[in-house]
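Heads up, the next two complexes both have chain A, just with different partners, chain B and then chain C.
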Partner chain A sequence: MDELRKKATELLQSGDVQMVIGYEKGTKGPRPCFISVPEEAHKLIFDEQCTGNLAVYLTHKDLIAGQKVAITASYFALRSILRLFTENQLQADRLVVLTVSVDKQLIVFTAVDDIAAYLQSAPVPKREDDAALIARLEAISREERWAFWTEELSKCFKCYACRAACPMCYCNKCIVEENRPQWIQPWASTLANVEWHINRAMHMTGRCSDCGACGAACPLGLPIHLLTRRIVQEVQENFGIGANEAVQKDNVLSTFKPEDKENFIR
Partner chain B sequence: MMEKRYISLISLKRWLEKLNNDGKHIYAPVHKGEKIDFGRISSTDEISFDHVQTTQSAKSVAFPRTEVLFSYEKEKHNVRLGNPASDSIPESVVFGLHPCDAAGFDPLSAIFNWDYKDELYNARKEHTTLVSISCTKSDEYCFCTSVNGGPGNTTGSDILLTPVEEGFLAEILTEKGETLMKADETCFEPDRGSVKEDYLVKLPKKFDLKTVQQRLNSAFESPVWKAQSQRCIGCGACAFVCPTCACFDIQEDAHGDKGKRLRCWDSCGFTLFTQHTSGHNPRETQSQRWRQRLLHKFSYMPDRLSVVGCTGCGRCSRACPVDMNLLEHLISLNN
Partner chain C sequence: MSEFEPKIVAFVCNWCTYAGADLTGTSRMKYASNVKIVRFPCTGRIDFMLLLKAFAEGADGIIVSGCHPNDCHYTSGNFHARRRWVVFRGLLDFMGIDVKRIQFSWVSAAEGAKWAEIVNSTVAAIRELGPYIEYRKAADYLAQQEKEVFNG
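Moving on to the complex of A and B:
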């Protein structure tokens, strides 16, 4: 932690960055903070509780406002940052990416490729909380699963916290806000909610870092992050690429190659 | 009016079952996964009594998340309009809401009757009786005592129950409350003389409302909004769980020659909030939208409707994915 605060102070003092996006102590757990003066770098914390995906702020134009920034990134935020580079949303010379490894070492990435290399070697953080629910969903029939999701999603009131918490949802205009034509019914009702969540999950295919921020953000506690998690698994099974690789590739669902195994595109 | 009675837990359940058998729709706090939220109950065994706060407020009983305002159908040269069924709204009872939620119906009613008397809201509210339960515990997000409320505040309730030894002190506060009690008055015993205040949670004031309001009056251009709103990610969680947030959006469920016009919850946190057709947006940044949220509740509503737009329930802070703790921001404005 001292190393991180020292580095943040250095970066701000030297003028290498004008803002450090990190975590500070919040009401019950860590929360995002934005440090612009070296005197406030002591607020920064970074531990295994810091699971919120800070990469979401890198595309907030009002916040970044053309500044050079540093970010303290969790494992999954690093994946999101790689994806944002792949999608040309970030500039390497305007961003300093920091992380703290499991053995508490501060790591300062100097190149995008170094992030990719780090993700290959670092252990994927465990999330045991969902194991029981995933096991239950895998054990039941397709019809029962549909009934489960219909019931869960019927509760959604469309506050869009899932969208707001996701680093990949940086569109200026979300498809649910398009009304000429209206692709998705924007009100809250069972069918309209299912439409929204299926669309959200499909738009994440091959892009999702599997950080779980969408589910963590849901004020109603709907396990919507399991939809995107399942899609990460589907991408692995159908395209043979894991989440770390997928985030560096062209979008799996909208990229066609002569060697693709499906016959319908030939 | 005000009448005090005593009711045991067993009699309370018997009374609720009578109301249920009479065909009333009873909404009460129930377990929903790991959360506690309002749901329609069929048995009193479903009711949670020991939570601090439900995830959502009780406002949807009078202001549903999606509501049909009217329907229409083209017939040759005519358009047939279908009015909302405001005469077939079921008699509802919200049971077990806390005083902060009952008090929340005052600002809601003020908004829905400000310049236009909203037929649907008023009809739903008219057909709803509120049976609240005083608070015997609170958490770090609660601040009702700082916004004219309190753990045993009677504002807005038709009946207020305060847990006393083995049962409840029942304050029958309105005619609606009395009518509901009389559905089975045998459940209610004479008052046992319990001192209500002895059973309520002690919740010290966290800030001075007048001071905060005075500060806000001259704070429109303050840099504080930008600083406070940096971590806000612009979702609608705070507004949707709020007992007093009443902003709505109109949507069209159109299918060729027929359709429905819908009223849906909206939030000042959304980028589309106040966006004009021209593209101009009077609240175009997140800091302006955050300012809108605070000024609306603590300045505009007191000025225009003589009611504070916050009851200190703390839900917005509990629901926020990035810990935009409202109380913390109000305390910093106070100081």
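Moving on to the complex of A and C:
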């Protein structure tokens, strides 16, 4: 952590970056902070509790405003950053990516490829709660799953916190703001909510880092990140593209292989 | 339930399945009349939202059909569509939407008999499953709102 603070101070003092996006101590857990003067760099923290995906701020044009920034990225944020590079949303010479490895070593990435290599070697953080819920959902019948999801999603009031928390949701105009045609009704009703979450998940195909920020951001605690996780799983199983590889290749849905397999088309 | 007649919406591509369905007719082959065909330029154009809208508007079953792989009029539309369907179907199943009600198929312009068989078997399967009320129930509120907006 001292190393991280030293590095941040150094970067800001030398004028190499104008802002550091990192975590600071919050009331309950770590919260994001934006540091632009070296004197404040002592606030920075980074531990296993820092799971929020800070990559979401990198596409906020009003925040970044042409500055060169440094970011302390968690495992999943690194995935998102790679994907944002693939989608030409980031410039390598305007960004310094920092992380702290499991053995508490500060890592400063100098090339995009280094991030990919690091992701391959670092362990994927485990999330037991989600695994248990998925196992439960897969064990019950289809009707029970429908009952579960309509019950959960009927509570959604479409605050779009899931969209705001997602680093990949950077479209200037989202499908829910589209009204010719109005694909998704703007009011919160069970079916409109189901349609919104299906759309959100489908639009994440091959892009989702599986960070779970959408579910964590939900004020009602709906397990909506399981939908995008399911998509990640489908892509892995059917097209053999893992979440760490997906970020370096073309978009899953805009490419294809003639030998793609399925078992439901007659 | 004997009087239940399934409503089936078929989303088909213009170049293969639509022509195939045409051939079924010109060959004087009789098949179930429950199907309403919607013609698209290509299976790649068939947005997954259209399927959801069909269910919400009262369809009990859906057929999605187009050119066989390698036969696409636009070279690759059906390959792209196939990838989308694989992911979409997995997600629907996870959410508990009945994927047995969506029949995907490849029907070429020469396969009039296959089209008749696909429609007949889908109608039989949906007849067995019954009306898709559980999905429409979720749509009820929506219908109510629209009624208020447009009639009132």
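What we mean here is this: the second predicted complex is superposed on the first by the 255 of 266 C-alpha atoms of A that agree within 3 Å, B and C clash if a C-alpha of one lies under 4 Å from a C-alpha of the other, contacts with A are read in each partner's own complex, and residues count from 1 in each chain.
Here is the rule we go by: contacts are C-beta pairs under 8 Å (C-beta built on N, C-alpha and C of every residue); 3 or more make two chains touch, one makes a residue touch a chain.
From a predicted model like this one, the values you see are computed outputs, not experimental measurements.
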item	value
Chain B versus chain C as contact partner of A:E234, first or second or both or neither	second
Broader residue contact with chain A after superposition on the shared chain, chain B or chain C	C
First (chain B), second (chain C), both or neither touched by A:E144	second
First (chain B), second (chain C), both or neither touched by A:F256	second
First (chain B), second (chain C), both or neither touched by A:E128	neither
Contacts of A:Q185 with chain B and chain C, given as first, second, both or neither	both
Partner chain(s) touched by A:D93 [first = chain B, second = chain C, both, neither]	neither
First (chain B), second (chain C), both or neither touched by A:T27	first
Chain A residues contacted in one complex by chain B, in the other by chain C	185, 187, 189
In the complex with chain A, residue positions of chain C that touch it	48-49, 52, 56, 69-70, 76, 79-80, 82-99, 103-106, 118, 134-135, 138-139, 141-142, 145
Residues on chain A engaged by chain B in the complex (per definition of touch)	26-29, 31-34, 52, 56-57, 60, 62-63, 155, 157-161, 163-165, 177, 185-189, 213, 216-217, 219-221
Contact set on chain A toward chain C in their complex	137, 142-150, 183-185, 187, 189-192, 194-195, 198-199, 201-202, 205, 226-227, 230-231, 233-235, 238-239, 252-254, 256-258, 260, 262, 264-266
Contact footprint of chain A on chain B as seen in their complex	32-35, 37, 55-56, 65-66, 140-141, 230-231, 233-237, 239-241, 251, 253, 262, 264-265, 267, 270, 272, 285-287, 317-319, 321-323, 325, 328
